[in-house]
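The data blocks that follow each hold one structure.
Both complexes below contain chain A, partnered by chain B and then by chain C.
Take a look at the complex of A and B:
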């Protein structure tokens, strides 16, 4: 039995760091020089300072990454001018998979031929010295958005560049993003990232970590997402991280979104406190619809506006926005800027709605909360010398099961679909340890749906395509 | 009744897993025994798996259009392993660019596929065809067994 504990703090970090920083692409990063550089960054570059100044509406963050420095600089300026509160740096998929040489070659081709051969900014190829210039004069936090199971070098270069919000985690950046990266290694590599974040943190200017709650973004039951968010917060806290955001993706159900936010906020605080991590500041991030998006721009705009209302309703600290071009490809900077403007407009108009409560939301929150508690209780009971080992075992046993994750070691036994309200229900929990009562409640709520298709797969197809009806 | 064994998987460097998972559920719900190779497969993964599990049919899918590149000598691989009679199906978004249905069907038929479902999202069509083809196929097998 292994509960989260500071005694699980990674040992010999200096030795591990020397090995990572010996990589030729680390380009001479020196932890002491980086510490000095971070101490001279404007305080507003740190999420803790920014979040402390948040007004009545959630902060807004778009997504975006281009291969060349010039294009990324233009995007950064366009997004900042549009009023985005957090500036994204989305990394290309070769760098995410540690293929730095390929990324570098394709960066050169992009520069020479003037067209994009990468789907993001190859941060490791550009290096920290150049990337610092990307953000000179900026007084907003920059967020590293990627999907990297082994992000040790990437995170080192990011922090050295002044990017002090690092998204990811050993679960949320492995299961949905990789088919075969060993889960135990991913957990260990993210311990490294968390530890390095903690090493570079000061009380006033902590390096901020954020987990990615949408996961596969396909019919993930809230209890699974929340359990994983809490686990990643605990794993980060073990390594000394003191500023952390949990997140979740729009579920497609109004009721479930509000209930999920309540439970996620309440239980992540409770588990951190119970494990002795009451020094961790927690924030809540809401992702606008991450599933299949409508092709028609007016419908996409409507979906984005609706999600903006919900972001305000759940009083998210930050909302990650989509654009009307989501179904069509990588959005241009103008389209991205427009999305920021629209979302802020809607949130301003409908602000203050976070007082809405209802018995239906309360019942949903009670059910989700009970499920999260029983999943986490079962994982805490698993054998292992440290918490991460119990987490790893939970995947082997199917206690944690992420629907539609491409990873070969995901159990794939849990089957979920939507009920009459559009809420995601667990038809069959597989090996996920729910109480009999919760499992029966899930099934009975599912029966509320009158228009269920005759075959499970037909229903799943309809549920996955919820937002793309013609 | 004998349960038919079907090998399914996504071909090429394609990690689109949602359709693959739905396909597995759909085939299982229709009574098949499914061996799912999941994502990022080479052609030999399909033929080897078919040999190992003594499959009745193989269903290859491609979402990112890599199908044309990977499937060109598909039937030959199975014949070389003594699986000349196996049913070969392909579906998804199997070719890059916009080309007419009959052209796509002709290309993949030449590669040795029995049925081709390009941009036809309704899996039930393929399942009905599969049941029909297998019924006919197993009747043929019974006849040839009786002839010996």
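Take a look at the complex of A and C:
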């Protein structure tokens, strides 16, 4: 049995860092120089300072990444001018898979031909010196958005570039993004990232970590997402991270979104405190709809506006926004800027509604909370000399099971569907350790659905395409 | 022979590990923190037999021969040879091959039901499998009926296919053993029935052929296959549970007389590799049965001679008259020293791994590897510097400099045999 503990802190980090920084693409990165550089960054580049100044509405953060320096600089300036509170740096797929040479070749081709051969910014190829220039004069946090199971080199280059919000984790950036990357190694590699973040943190200016709660963004029951968010917060805290955001994606159910936010915030805090990590400052991030998006711009705009209202209602610290072009391709900077403006407008208009409570929301929160407690209790009881090993075992046993995750080691035994209110219900928990009471309640709520007589796969397809139906 | 000792006498509370190899018997005594406190190597003495030799070695190290809990492993006899005949090479064949490798045995070939046996040679076990467990399996039944096993030469026949067709298989081959289907309810191959069966057969083979049965029961009781032990040691290292910290993607080469085993962290397998390790494993193994410095010397030399980069290879190792040695080697008139053969195993194994050049061998991106560990008897004469230069021949110029460690104290073996694993920690 292994509870999270600071005794699991990664040993020999200096030697491991030397190994990672020996890579030719890390040339010139010196931890001492980086520390000095970070100490000279404007305080508002650090999420903790920014969050401390947040007003009545959530901060906004779009997504975006282009291969060339010039295009990325234009995007950064456009987003900053549009009022985005956090500036994204979305990384290309080759870099995410540690294929730095391919990314570099395609970057050169993009530069030469003036066409984008990459779907994001190849940060490792550009290097930290050039990327520092990208954010020269900026006084907003920059968030690294990627999907990399082994992000050690990427995180080193990011921090050296002055990017001090690192999204990801050994689970959330492995299960939904990789078919075969070993989960145990992803957990170990993210220990490294967390440790490096902690090493570069100061009390006033901690490097901020954020987990990616939407996971596969397809019928993920809130209890699974919350359990994984809490686990990643605990794993980061073990390594010394003191500023962390948990997140979740819009579920498609108004009730479930509000309940999920309540439970995620409350239980994350409770588990961190119980494990002795009360020094960790916790934030909540809400992702607008991450599933299949409507192709019609008016419908997309309506969906984005609805999600903006929910972000305000759940009092998220930050909302990650989508654009009306989500279903059509990588959005242009001006479309991204419009999305930020729209979301901020809606949140301003509808601000002020304190957290909504109702018996239905309360019942939902109780159910989700009981499920999360049950899952985490079972994981804490698993064998292993360290918490990460218990987490690894949890996937082997199917205690953690993410619907529609492409990873070969995901159990794929849990089956989820929507009930009559659009909430995600667990039809069959597989090996996920839910109490009989919770499992029965999930099934009973599912019975409220009127089309239960339909074939299961048809229901599933309809549920997946919830937002793109005519 | 060699001896490495921090203390001249055995640690009374330490654990004792013994490895019975074809040519060398190793003994290590480790303390409670799995640090080696005494280590002895002896050449195999076939005159006195393995039982007496092990007992003598234990006595020399002040270990009572009736002591319980002695950890023993062996790969003597070159390991168990397993042939595979499967419905498809891509699915059932791949699953079986991976489980055979994990169990420490050597998959010699994979054929599908329609293929001729060809020059497959004798195998200790022939595994036949295919299909998931479904009752409506007419086409597979038909193909099983037509399948010809007469041309295969094998010791035992094992059926691990669709369980609904097991009776029909037994009707055709009454002497066969039926075990669980590793792809019973999907194509993910999680069930370890094949692993357990092959592992058991491996150990039975050792007992039968290597005189292990003569060992005292307290010694022979828990004997394990050496490749499996090395694999566990490697797994332990990549989990940061060993003094051998890998810190990233790693490859271990166990270079021996008959084979070269490669153990690797699976994230180095290329996304477009036609073959992949089994799901749910994070370290995998492949055995080059034709690369070794004694029993496989001739096939090693044959491959070296015809390798297009032979001259580059020799330039790294041979300091004088490279052209002449190149000519002589090409013409088969050069007797290479053992260290050149060991470097040859290293070079060819990694070159083939990078190209996926071997039946069932995935294609690796060696640029991702941060540590190469060289272990086994034939690696002992190598130098880190030379091995490092050789590896640079095979990785791109823009990749980082991977570290190279030669496991001179057989730490990986000790780590593997003493590790109880995650389940029992």
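The rule is short, and it goes like this: the second predicted complex is superposed on the first by the 468 of 470 C-alpha atoms of A that agree within 3 Å, B and C clash if a C-alpha of one lies under 4 Å from a C-alpha of the other, contacts with A are read in each partner's own complex, and residues count from 1 in each chain.
Throughout what follows, a residue touches a chain if its C-beta (ideal position, glycine included) is under 8 Å from a C-beta of that chain, and two chains touch if they have at least 3 such contacts.
What you see is a predicted model, and the numbers here were worked out from it, not measured in a lab.
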Touched partner set for A:456, first chain B, second chain C, both or neither: first
Chain B versus chain C as contact partner of A:20, first or second or both or neither: second
Touched partner set for A:101, first chain B, second chain C, both or neither: second
Which of chain B and chain C A:408 touches, first, second, both or neither: both
Partner chain(s) touched by A:299 [first = chain B, second = chain C, both, neither]: neither
Partner chain in contact with A:218 - chain B first, chain C second, else both or neither: first
Comparison of chain B and chain C by chain A residues contacted: C
First (chain B), second (chain C), both or neither touched by A:11: second
Shared chain A contacts, counted only where both chain B and chain C touch the same residue: 408
Footprint of chain A on chain C - complex, ascending: 188, 238-241, 245, 247-249, 265-267, 269, 271, 276-277, 279-283, 365, 367-368, 370-371, 396, 398-401, 403, 422-425
Interfacial residue positions of chain A with respect to chain C in the complex: 10-12, 15-16, 19-20, 22-25, 97-101, 104, 149-150, 152, 180-185, 188-189, 383-385, 389, 392-393, 396, 408-409
Chain B - residues contacting chain A, complex: 15, 17-18, 21-23, 25-26, 29, 38-40, 121, 123-124
Chain A residues within the chain B interface of the complex: 179, 218, 403-406, 408, 412, 415, 455-458, 460-461, 464
